[in-house]
Every structure is written in structure tokens, then in C-alpha cells.
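You will see subunit A twice below: alongside subunit B first, and alongside subunit C after that.
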Partner chain A sequence: MEQTTDVYTPYHPRWLRPRVSTYWWLQKPAYLRFILREGSCMFVGWFTVYLLLLLDAVLEGPLAYEVFLAWSGTPWVLALNVVTLAFVVFHAITFFQAAPQAIVVRLGRTRVPPRAVLLGHYAGWVAVSAIVWFVLLGV
Partner chain B sequence: MSNRIRLQIARYRPEQESEATFDEYEVPYTKEMAVLDGLNFVKDRLDGTLAYRWSCRMGICGSCGMDVNGEPKLTCATFLTDYAPGPVRIAPLRNFPVIRDLIVDIGDFMRKLVKIKPWIVRAAEKPLAEGEYRQTPEELEEYKQFSMCINCMLCYAACPIYGLDPKFIGPAVIALAQRYNLDNRDEGSAERMSVLSEHDGIWGCTFVGECTTVCPKHVDPAGAIQRYKLTAAVESMKSFFAPRGA
Partner chain C sequence: MARRHPEPLLWMLFSAGGVVSGMLMPILVLLFGLAFPLGWLTPPTYDTLRAVLGNPIAALVVFSLCALSLFHWAHRFRHTLYDGLQIKHLNEVIAVVSYGVAVAGSGLAAYLLWQLA
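And then the complex of A and B:
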């Protein structure tokens, strides 16, 4: 009966200290979303590396660019980039959803509604995409 | 005529057992009965040895926080009818040591709370003759949301970061620090910053956001922490580019 464990505290009864399960992130959908959001940064990192490789190929000349394009068309790179795109979109959306909680904007005496802050982020996203589109395609 | 519902209640009797077990009780309920009323029925009529904390029964005192079907809840504001046909599984709040049955020890929180000086800090008090410290409704609105915290610990129970690393100062302490930082009568934000900008302060938070979801008083601790991170980052940039005395 008298098992002395590290939970024993002098002058107190033995306190029970349940351990957090290794799989705590599977206990709630919200926890799983959090882990996916945090994990998605790996894919954001990969996109950055991929862009740098593209830039490097473009700078080296037409031949290197052709090689890069052929490599990008291989099934595994294609598959990786499709998964990456999904995670990057998930990352962006969850990041935008969180933004109004962190950014409190005031205009004079009134607080800009959190929804407006969220819409501002989406508007910024659309604007930047449009500029990139215009620069690349000129349409 | 009332319906009946089964309550599965966590029991931990340190003098008898080294692990928690669940005892089952059946209680009658009506639509206005909270989970806490169910516990009181058990205590009064079925098993007087059940131990749990409660006081005001109206979401003010913050004593009756428990884990109800896996979610941290104020049991006085959680209704049995919402869990019909049951069973309802009631356990102590997660992430805290259990003293007995549904009672947890929150000493860790109390020790952390004092560190951030949860009171109005003034460099010098003005003489009484000069009157009170006046405040406009807008100035009150700045911090009012964070002043609604009732220290119920639901946010700590929902925070996986606190569960994994108990050194993390935690959501409510940071929200309460913001309550005073954003109060225009207060002059203690620099002192609080030194505690909150430590590794186990705001930077421990990875923005899971569950603290805000479970908060029964809509305090939004996750928002408070992210706002404070922004403040801390701006302050550190300022001190980098324009060090004091330069």
C-alpha cells in the first residue's frame, strides 16, 4: 500500500500527476489542426528552396532552365509540390484566421472589427498575387 | 417526473489507491440542472465521500472547473440536459496534480501570478488631496476584457504547452498581466515585461488557441499573448536601434 513515489509531498497526501500522452495531439481536432499548421512550415521551407533552385537555374541560362523544368516534371517532384501547395494554402489560411487576434487596429476611438482585419489580409494576398501575375505574364 | 442520467466521476483516494478510477452514479435531472447540481446530488444523497470544489454556482468564483466529457468546463454553467442521454464523464482539470477526486492543486498558478504583479503599480502615489485616478470609458474598454478573468484554470487545462512544459507561465497569467499593462493608471509594464519576455513567458506559447476557445468569460488569453509578443518585439527592436542613454 505504502508506495513511495516521487509524487509524495511532505505534509500532503500523495498527489496524482497524470502524464500527458505522447499522442495528445490526436485527442482533439483543434490540437490536430495546430500540429498540421506548425508542421506545414516544413513545406513552406521546401517551397522557398524550390524557388531558389528555380532562380539559380534561370540565372545559369536556358540549358539549366530546361534541365530544371524536366526535373520538376518528374512524378515525385510533382507529387511533392502538389502536397506542398495544399499545406502552404492551409498555412496561409490558418495564419490569416489567427491574425485578427494578434493585430488590434484602431481608427481614432473605435476598434476596427476583427473581420475587417481578416479581410484586409485576404485583400493583400489577392493584390500581391495580381502584381506577381502581371509581372510574370504581363496581362 | 424527471429524467435520469449516469455520471461517471473520477475518484482518487490517495490513502487507498495510486491511480484514479471512475465511479458511476445515476442522478435525476431537469433541464435547468447544471453538472454541478448533479455532483451536489451525489454528494448529498448517494456518496458523501465525493470531494470537489464549488462556491457561487453562477460563473463568478471560478472554483468548479472540471473536465466534462474531455472538455474543460465550469460545471455550474454546463447543463446535464446537453449531455443526455449520457453518460457524463467528469474528471479533474488536466495538467494539474490531483489532490483528491476532482480537486486539483493550483499552487503553481498562484506562484506564477504574483510574479507579474497583478495590481496597479505606481512609481509614486499621488496625495489623497489630489483626488482619484480618473479614467474615460475608452480607457476602461482597453483592458476590461482581460479583467473578466476569474482564475478558473480552464485555459491551463486546455493548453497542451502547459501540460508538456509546466514551467510555461500560462495563458491566464499573461492575460492578467495585459489587464494591468493596458490600464492607463498603471506604470508597471516594464517590470512585467522582464518576467514575461523570458523563455517560459510569452515565447513559450505557440498559439494553439484552445485557451480562448474554452474561456467561459471570453477573455481571449491567446489574443493577449500574441498582442504582447508584438509589443515585446517592437520594444526589443527599439532598444536595439535606439539604446537608452545613446
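And then the complex of A and C:
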């Protein structure tokens, strides 16, 4: 922990408690996991951009689609997408894990057990992945 | 008149985006990011992809994925800069820029899919 400083900073209240280091999330594995989970949003954002580029290529025509496919095989795009895959899987698992805490499902008067809500998300994930596979590849 | 705070709506968009991207992105990254470029699987032909994107239901799914994922990104990005890096004095600027990007990106997705219909 850093000491409280007396330096005047505009917009900031005067701290009455010790300043937390900017790198507080490096201090414990749990904090690091938190920041990695939050950081997964950057890869969700990147892949959305990637999808928009794909849509644009398909709109332009077959040649642009070929160019997009060739570009997607260049080393830095491939490397970025390997990391992206790891992060979006981490994002999916952590997000579904939190779902039972956020969603309370009731059937009549009984609460559906949180475990069933979690399993429902995983079942949905498998089903959605299978549908995407079938629509794109037809097998 | 009481001023409604936008936070619950933004949280709903964040949450919906988290679920939609969690369900759809891993398989899409695996296919379009790795399996097709590396030649593990043959990518769909141009005509197949064009037909899929021309389907109204598929277009709606792709639009929801793009728009909600962008709002999911915007919300987390804003909060991580605030809590993680403690950039508090720029909070408003960061909010306007990140949600602005989400709105613009959603508009672009709608435009592209509309043209493909």
C-alpha cells in the first residue's frame, strides 16, 4: 500500500484512506483471475470487429471473401485468435457460473436449484454450438 | 419528473451480451479463427455463407451477437478502467466513447446485414 499523498489532484476527493496501488490486481491470484475475466471483454470486442469485417467481405463479393479467408490465415491474426479462443471460453465458463446467482427461476412455489440453472446454460451452449456447426458445415 | 438512471438498462445489455457471446463465440472463433484458416475444415462456400446471412432469423442472431457483444464490451471496459486502473476522473469521457463505439458498431452491423438481406 502506498502512503496517502498531499498532492492536489483536480476532480479527486481528498483520500481519507490509504491509496490502493494501480496494480492491486497483481497481488493475489484471485484478483488476477478477476482482472483476466474482466479483460476477456477486449477479446469479445476484437472478435465482434472480426465478424463485422467478415460481413463486409461477404457483402463485397466472392473475391473479398477469399481475401478475408487468406488474411485470417496470416500469423498475427491466427495468434490473436488462439488467445481469443482461450479468453472467450474462459468468459463463457465464468459468465455461466455466475448465472445461478443472478437468475432465480421459480416453478410454482419451489425454486429451481441453482445447479439446474447452471446445467441449463451448459446445455444451451452445447446446443447452440451444434446448430452453428450444422448451419455452416451441413454435417 | 424523476430522472431514470441508465445503469440498470446498461447492465441488462451487458448481461445479455455476456450470455449471447458466451454461447456463440467459442464455436465461431474455433471455426472462423482456427479451423478454416488452418485447413482443418473446409470453410463454407461464398454462396452458402451468403444464403445463411440472407436468412432473416440468422441475420437477427448475428445482429444480436454483434450489438450485445459490443455493449458487453463497453460496460466491462468502462468498469475495468474505473476499478482496475482507477482512471476515475475520465469516467464520463470513457463512458461516452465506449457506449458510442457500441452504438456505432451496432449500426454498422445492422447496415451490413440489411444490405445482405
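Basically, the second predicted complex is superposed on the first by the 123 of 139 C-alpha atoms of A that agree within 3 Å, B and C clash if a C-alpha of one lies under 4 Å from a C-alpha of the other, contacts with A are read in each partner's own complex, and residues count from 1 in each chain.
Note that in this section a contact is a pair of C-beta atoms (placed from the backbone, for glycine too) under 8 Å apart; a residue touches a chain by one contact, two chains touch by 3 or more.
Every value quoted in this text rests on a predicted model; they were computed, and no experiment measured them.
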Touching partner for A:Cys41 - first (subunit B), second (subunit C), both, neither: second
Touched partner set for A:Leu59, first subunit B, second subunit C, both or neither: second
Residue contacts on subunit A - larger count, subunit B or subunit C: C
Common interface residues of subunit A - those touching subunit B in one complex and subunit C in the other: 12, 20, 25, 38, 102
Interfacial residue positions of subunit B with respect to subunit A in the complex: 12, 14-15, 18-20, 70, 94-95, 97-100, 105, 138, 160, 163-164, 206-210, 212-213, 220, 222-223, 226-227, 229-230
Touching residues (chain side subunit A, partner subunit B) in the complex: 3, 5, 7, 12-18, 20, 24-25, 27-28, 30-31, 34, 38, 98, 101-104, 109
Of subunit A, residues touching subunit C in the complex: 9-12, 20, 22, 25, 35, 38-42, 44-45, 47-52, 54-56, 58-59, 61-62, 65-66, 69, 72-73, 77-78, 81-82, 84-85, 88-89, 91-92, 95-96, 99, 102, 121, 124-125, 128-129, 132-133, 135-138
Parts of subunit C lying in touch with subunit A, wherever the complex brings them together: 15, 17-19, 21-34, 36-38, 41, 43-44, 46, 48-50, 52-53, 58, 62, 65-66, 69-70, 72-73, 75-77, 79-80, 84-86, 88-89, 105, 108-109, 112-113, 115-116
